[in-house]
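Two complexes come next, and they have one chain in common, chain A, joined by chain B in the first and chain C in the second.
The block that comes next holds the complex of A and B.
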């Protein structure tokens, strides 16, 4: 277990070193987040501010995710760390964690843009809102990162196959949508105890466990 | 496994299906409020049973394929998904036919309806994903897709009880809310649809061999 986390930290450190040196993901996010947020805020009525926020996060996440796995691509088209002498579930898990951290940056930028242009006022719902946002991002990251890592090895149809993965996130959207709706009608404790919130949490735990294991199985020949 | 029962399935299916049709239209009482349209419910539940079995078998064969790399499991997983998708579509269509005279609308955003539609989209996508992954030389990917897609199935069942919508709960905590004659008819119909499922799987496997 100790080795597992030290290897995860090592891969994460590598990703952060590359990120601080090249700043590619960050510049990508700084351009993409306000653009998408502004586009959505223009077309959706401002009464549905929570929905606008989540819609922005969802679209940005789908677009950004494809970048993550590309960092591991070598000139031959194979993932650089595929031949590494350790369990590949570690690689997948660290990539998921890296993407979750990037998701928090996405949330931060989108939140700031929304606060500026629409005077987003959350008051006492802030903790529950952040909890739902985090759960939503973790599940989304687990599914998308696993599949984009897998599909980077597929030439030609890879991008199309990634679009076919999108239906897998619909259950997440339904649960997140139901949780967000309950923010406006329930107290914080009631939201925490609601089925949608607990199912979202259960989904996250399940996916964080299952996706890295499945990834290591997918690479075996 | 199912191929062992190949010769006994057809007579069993014929007996159960005839009994089921007799019970649905003669034995089961007419529902007081909904009238005769309620009889579609027995078929509706039969379809649900078939897709539940089909998707569970799809999951089992997908896990087996990942562990053993035996192509037969991959093929069987695909066949079960095909049958499952057809019966999920039948569930949705029969539900709509039932809903129109009862609720006055073909479709509503009831949690159970929505999650069943999601299930249909997921496995319909799986069929495409399977073909593409085989073409790309990475058949294992479709098994991984199937395992993650299966996570949605329990939500369909839980949603009807927890996220209370307008869909009825048949097998509730106190034995459900239907008359004993209706329950007998339902059980016989579900038996008939179980044999129909095994028969269809047999037929599809034979078709694949030829």
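The block that comes next holds the complex of A and C.
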């Protein structure tokens, strides 16, 4: 088997070449993130700023994710690398990594908007907040990227089919929600040791392992 | 380059629809097979099965006696399927696409890149994004990549579509050279661009 990481890097490099030249996703994010964040902060008017933050991230992620998968589909509606001489889990893993990187940009923009406009105060909880944000994004990216890659091949119905996958992210959201709630009532150490945080971490590891394998198995069947 | 490709009792259904049944033939080194059939008879599906892109089928596909289901990496290094629509990244340039696929498929002759670009008269388009190029040019790029990688078995699905007469002639010359060196080809050609090729057998679906 060829070097796993050299192939992941090759696919990531290709994605970055496209992104740095076209800036398709970046310009999309720069417009979408502040808009969604502002809409949520204006209409939800909740005192729980963490919830607003995560709700913004969730909606933006759902909207952006399919763009990433669509880049891997040819004009004929087929996966461009379907005949590539390696396990397709490598492609799926690369796309997850690429989307996780984009997720950090999403977080950065949303965080800046909240900080500048709504005076988000996170000084004491910053480390735990960033940790939960990362775990939340990695898991969400793994589920959505895998399924949107698989379903993009369902010609004409890919977007509808992806909605059927949304219930799968609910257990993950419940864990993230409960971790976020615990930030306000527990110390950082207690949050790290809480069931919801550790389950979130376990879910991430599980999803990063299972999703690429599932993709590889399903795509050639 | 001396492997034999054996297709034995191949069958494929989509639900109630039986696409084909008990398809059996052999592809020997240095031969060209032409696959004929009406629209919807399963030609593309058969080619995708042989190139291991579909695994859910009945029967066996063997390369040198080894079932392709048991040796996928070997299969992808020995068989390449050229789809009717070129599978290229539209936002990469012509050259970036070639370089990417040369690395992905571990081309055995990357030094041929410039020669093939010149043969296909693509030198003035190397820095153009694929999305800005014509369908014929995209097809030439996909063919060029197939010949840069050049595994033993090339499976071409409508390779002549969109090509002009000089490109058809060039493609036929490249095919003849490939076959002369022991390579094999399965081709679906409804445009009859490959009429001057010597087919060793015709498969009807």
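In the analysis below, the second predicted complex is superposed on the first by the 218 of 221 C-alpha atoms of A that agree within 3 Å, B and C clash if a C-alpha of one lies under 4 Å from a C-alpha of the other, contacts with A are read in each partner's own complex, and residues count from 1 in each chain.
FYI, a contact is a pair of C-beta atoms (placed from the backbone, for glycine too) under 8 Å apart; a residue touches a chain by one contact, two chains touch by 3 or more.
Since the model is a prediction, treat every value here as computed from it, not as a measurement.
In the superposition on chain A, A:168 contacts chain B only, with no contact to chain C. In the superposition on chain A, A:178 makes contact with chain B only, not with chain C. In the superposed model, B is the one of chain B and chain C that contacts more residues of chain A.
Looking at the shared chain after the overlay, A:10 reaches chain C, while chain B stays out of its contact range. Put simply, chain A uses residues 220 to touch chain B in one complex and chain C in the other.
Chain C contributes residues 51-56, 72-73, 76-77, 80-81, 83-92, 96, 100, 103-106 to its touches with chain A in the complex.
Residue ranges on chain A touching chain B, taken from their complex, read 143, 146, 150-151, 153-158, 160-161, 164-165, 167-168, 170-171, 174, 178, 195-196, 199, 203, 206-207, 210-211, 214-215, 217-218, 220. On the chain B side of its complex with chain A, the touching residues are 66, 69, 114-115, 118, 121-122, 125, 128-129, 132-133, 135-136, 138, 140-141, 144-145, 147-149, 151-152, 155, 158, 162-163.
Chain A makes touch with chain C in their complex at residues 1-2, 7, 10, 14, 17-18, 21-22, 24, 71, 74-78, 80-87, 220-221.
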